[in-house]
Amino acid sequence: MSWRDLGDLADPSKYHDAIDIRGKDPAGLISHLRKMVLIRMAEQHLAVARKDGLIGGPVHLGVGQEAIAVGVSESLRNSDTVFGAHRSHSHLLALGSSLHGLFAEILGKDTGLSRGLGGSMHLWDGPRGFYGSVPIMAGTVPLAVGAGLAAKLKGTDNLSVSYFGDGAVEEGAVHESLNLARMLEAPVLFVVENNFFASHMEISLRQPLNAMTRFAAAHDVPCELVDGNDVVAVHDAAARLIAQVRSGAGPRFLEAVTFRWYGHVDWREDVDVGVNRSVEHLASWRARDPVARLTAALTAAAVWSASQHADLIADTSRAIAEAWDQAMRDPWPHADTLLDAVYTQRAERS
Amino acid sequence: MSWRDLGDLADPSKYHDAIDIRGKDPAGLISHLRKMVLIRMAEQHLAVARKDGLIGGPVHLGVGQEAIAVGVSESLRNSDTVFGAHRSHSHLLALGSSLHGLFAEILGKDTGLSRGLGGSMHLWDGPRGFYGSVPIMAGTVPLAVGAGLAAKLKGTDNLSVSYFGDGAVEEGAVHESLNLARMLEAPVLFVVENNFFASHMEISLRQPLNAMTRFAAAHDVPCELVDGNDVVAVHDAAARLIAQVRSGAGPRFLEAVTFRWYGHVDWREDVDVGVNRSVEHLASWRARDPVARLTAALTAAAVWSASQHADLIADTSRAIAEAWDQAMRDPWPHADTLLDAVYTQRAERS
Amino acid sequence: MNPTQHYNYGTAILAAFEYLLATYPEVFVMGQGLWSPWYVGNSMTELDKKFGKHRVIDTPVSELAVTGAGVGAALAGMKPIIVHPRIDFMLYAMDAVVNQAAKWSHMFGGQAHPGVTIRAIINRGGEQGAQHSQALHAWFAHIPGLRVVMPATVSDARDLLVAAVLCGDPVMYIDDRWLYELEDDLDPITELTLATEGPRCLASGSDITIVGAGYSTKLAIEACQALGGQGVSAEVIDLRVLNPFEPKAIIASVQKTGRLLVVDGGTRNAGFAGEVIASVAERVVPSIMQKPPSRVTLPDAPAPTSRVLERVYYPTADDVVRESLTLMSR
Amino acid sequence: MNPTQHYNYGTAILAAFEYLLATYPEVFVMGQGLWSPWYVGNSMTELDKKFGKHRVIDTPVSELAVTGAGVGAALAGMKPIIVHPRIDFMLYAMDAVVNQAAKWSHMFGGQAHPGVTIRAIINRGGEQGAQHSQALHAWFAHIPGLRVVMPATVSDARDLLVAAVLCGDPVMYIDDRWLYELEDDLDPITELTLATEGPRCLASGSDITIVGAGYSTKLAIEACQALGGQGVSAEVIDLRVLNPFEPKAIIASVQKTGRLLVVDGGTRNAGFAGEVIASVAERVVPSIMQKPPSRVTLPDAPAPTSRVLERVYYPTADDVVRESLTLMSR
């Protein structure tokens, strides 16, 4: 594939079939599936809860993009440092973070991952290596470079992961960060989830070419381009790149091509936004479903059955219901957190 | 030449010979020579004056880089909008701006191009299309895009020129500007003067590859790469690109490879700054002298004689001396300019 | 004779855009969300359809380059309006505003003026959190060369935008999503000269001077009405123009009331409320003050998300009333 | 017993760097000019040779990414010091400082703290002009979550840098090239707790309180000496820490003197001098003020280049003396 163009990865009528799992360990694939189903159902639950007015703040849902975080996270450790953005539920959950902690945070509860000060757009789970997601686009990209530099200065083989979107690359911060990481030989994996949209703006309205690999090439950062809706392809590419990064080879770049089923924010589908988001277009992207394509492959390989799938769905919805109900019952944060969290030591005020 | 690498343009032992002027009009070439000699001698005069303490502020000299502005400006009009940076004496003078106005500004006089409020790093000559130079790196690059957009919205075939350096491309502003200009199809010629240095830092300490064309390619902006010390090569490439821009084809990018003979600022040579700036290295770059190579070509073609050259030097030093002496005698700005220039209408203060 | 027309704050802004685009060919608008302005409420509806996508330009997500392009287009003779749907996004664009736009006229001896208007929206609440809630007017007011306006009324929402675009200097026009439902009947547009506009008295009183800007002025007016019911006559002054800042009207009012309360939607330390208090304190005889001046501002903390914390975080009209009564107590 | 050692402001900063790099393996320094620090005077000489280019890192010209990298490295457990040879260059880096570093602890409920120190140098004069002369301390002081220190003395130049790097919060350490020649003898380093440091009285007096920060404190001290010769006893208070701001010491002083003059190297409108005046005005009984408070600041204009205009532009000790005498006159 050319570094300028996504080729038929950009054509939603392609890549609808079961993914290729030849030679892969079924157990690993099934754990991928469990994670992807959990992420999807959790976000679908959030869509409904937001629509029903149970959630006070905006939720940016990544349904359709689950394979990317799941494929990448498989090669990560708790000692790595992962940074996300506004659409990071999957990045967090793929690391095995607590569903209840996420829900409680989104509901603004004291038991939330960010103690009610962050909501859906500001997530943190340090112990699992999730170092933070924030809504300012590209805001965490330079931070990921610094966290990678820290891992290098400490003499570890840990690395940093920076998740961002095809819109974020329009911010100068991303370009400065690619060059800086390259010159510092910082252990960073840049993961761009190219879903062709930045809020209402389709990529052709924002950039002359659709491949993000252009920027990796310009900054001499080795990269791979994959079908982001093929968890095996994502996993294999990420594993290769992460191994190189851990070996001290410097930063690497992964472009994963995908599509979000919901609109930019909340539960609507935004099929009204002009370029390339018609009902039909969305339908053909839905047919490139990362969950269905993995399930089909596992079923075809006779390592996964309809009843197993039914159980998975049932178990998952039960887990979601429990986590949600607990979060709904949880206490609100105390007013003091408002000033206590500003500095490590609360400032004296006269 | 590859878009990743400058090839032997980066090798200062190459391109020392007379430039190729076959088929070029001698008159035009001689006017190039006059401009280049004026710019060089003016800046050499400034170096001495700064060393002697006659100039109060920093001067960033472009001796060795004269062919670029001279080659580009030949295809420009007063109705175009040119933006520069900290090292812009040549950009200004190549447009035919007043030597006295430049000197007076550098001396902080009321008769200066910026009325004594700008000095060497803040130059302006609107009537000749020089829309401003400022020292914040890449600061004027987005402005040039906007001025180009204005020309387009007004339905003219004017264009904007944005001069910047190989260091400025490390600022995100340049990358955002390339994409924005490309998407707006703004008539802008980006001219990067690649002299391998950003203050004390040689390019290999700042970037993984030495060709700036990487970024034009990444942003799908058509570009040319030339020997910046060959005024004919610069002129021809600029003329081609400018014609395309005027025709409404959108932005274009020109990389001109060159070297500055003086150090980053003021009169010193900075042969102490570590990578690739030894006495020998500087000497071989001096041998790629844009003025000498043009002079040699003209002489070889028997359209320029030693006595003509002697006259040119004599006339130029006389012109410089006159402009300088006048500027030295000129009045200082009145204290009122300090507050009068802040707004179009001076704000009332209680 | 001029028939008045009914607007709310949002449609008044829209009316200003329509007037400017229809009247001045040099005007164009560029920023995020302009081809699907969900961010900007009803304040820019259909502009691209009415005036064309070449004059109403949605952009890549590049705040710095887009803002700088506005500056450059202005230098080339246009009257651009750059739109930032959230003022928070402008942290990326500060160089274009502060190092370029604000200083341009001065750096070149007053020979070139980038008459660009930057519309930045304060868009808080709704559990959006620290990066989507800021009000940075004090920052911009600190920058010489940059005019800063904050409309608090429906008429100013329209007329100060027109004045900003026509004044020839770079202007920060800062509006507030929490004001979009304000309603009023307006006369047809008359073009104001921004350089001569300044703070204005919106309600006259004799006991206490309450100063605000933007949404804080709305709080001040609501407090003023409540205080009236308790026998306290408050004078409300709307800042309107924060830079260059002309405190005359406020000083005159405090000389009358002897009490000053400043309400500000920004954080406290080095905020604009402090500037108002200082500008008065240094110009009135201390003994005329019945009580020390006071301010109601955000606490010095970033914005939280949880609704229960948002309730504590944002000042209300009740807070203004309570503080006013403290100043009234002997 | 502790032998004192002789330093100037610049070598005191260098001593702090050397102490930190030698004592704390988590400390590293990154910024422009570190491999040839002509920008930063004698304040970082040879650091790269002593501690290695891996811990003293010169960078591409990318203020935003470099600053953000400092924030990220701090989150990953390092104690980075990011160096900006001119505070003006930081206009490109504001997002990393304001949206990320300052808010990080709060956004995540106080569970993660980016303990990054950002050293920014005020580097004015010498006909460098508007983009190479700013002092933006009022901006940073307005941002909750960001500690802001401005050393005015040789000891603070050293000790506040050490305290900043060790405090665990993001800190703006703003030093001033015009102070590098100050000299003093210092005891060996003792690590201060930044959270408990604040404004300090440098000269006690009874007639007037003069407040400054950084270079303005130097002007205040020079003025204080000159005033002494004219029978005026001035008390000088050095702000030192501008955010979080603790005005107690200033209030106590003004309660004694009844006169307040604030000297500030920033522009006037919405500057820090206004905050000092407001913080005092709202906490003292107005009648104790002998005269209205006053400020000596830059005019509200960008910096010029021409030496004759620079002379008018920058406040001097004489200006402070003159304004003090005005406040002393009846």
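We just call them A, B, C and D in the order they show up, numbering each chain from 1.
The working rule: a residue touches a chain if its C-beta (ideal position, glycine included) is under 8 Å from a C-beta of that chain, and two chains touch if they have at least 3 such contacts.
Bear in mind that the values here come from a model prediction, so they are computed numbers and not experimental data.
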{"item": "Farthest-lying chain, centroid of Cα atoms versus that of subunit D", "value": "A"}
{"item": "Pair sharing more residue contacts (C-beta pairs) when A-D is set against B-D", "value": "A-D"}
{"item": "Computed distance of Cα centres, subunit D from subunit A, in Å", "value": "41"}
{"item": "Subunit C and subunit D, separation of their C-alpha mean positions in angstrom", "value": "30"}
{"item": "Distance from subunit C to subunit A - Cα centre to Cα centre, in angstrom", "value": "37"}
{"item": "Per-residue overlap in subunit D, given as positions that touch at least 2 other chains", "value": "59-60, 62, 64-65, 88, 91-92, 95, 99, 106-107, 129-131, 144-145, 244, 283, 299-302, 304"}
{"item": "For subunit B, residues that touch 2 or more chains besides their own", "value": "112, 114, 116-118, 122, 134, 136, 139, 170-173, 176, 179, 183, 205-207, 333, 337, 341-342, 347, 349"}
{"item": "Complex contacts: residues of subunit C adjacent to subunit B", "value": "28, 54-55, 57, 59-60, 62, 64-78, 80, 95-96, 99-100, 104-113, 115, 144-145, 147, 167-169, 193, 195-196, 244, 246-248, 251, 283"}
{"item": "Contact set on subunit B toward subunit C in their complex", "value": "81, 83, 112-118, 122, 124, 126, 131-132, 134, 136, 139-151, 153-154, 160, 172-173, 176-177, 179-180, 183-184, 333, 337, 340-345, 347-350"}
{"item": "Subunit D to subunit C touching residues, read off their complex", "value": "64, 88, 91-92, 94-95, 98-99, 102-103, 106-107, 129-131, 138-139, 141-145, 242-245, 266-267, 269-275, 277-279, 281-289, 291-295, 299-302, 304"}
{"item": "Subunit A-facing residues of subunit C, complex", "value": "32-33, 35-36, 38, 58-65, 88-89, 91-92, 126-132, 299-302, 304-309, 312-313"}
{"item": "Contact set on subunit B toward subunit D in their complex", "value": "56-58, 108-109, 112, 114, 116-119, 121-122, 134-137, 139, 167-168, 170-173, 198-201, 205-207, 273-274, 332-333, 335, 337-339, 341-342, 347, 349"}
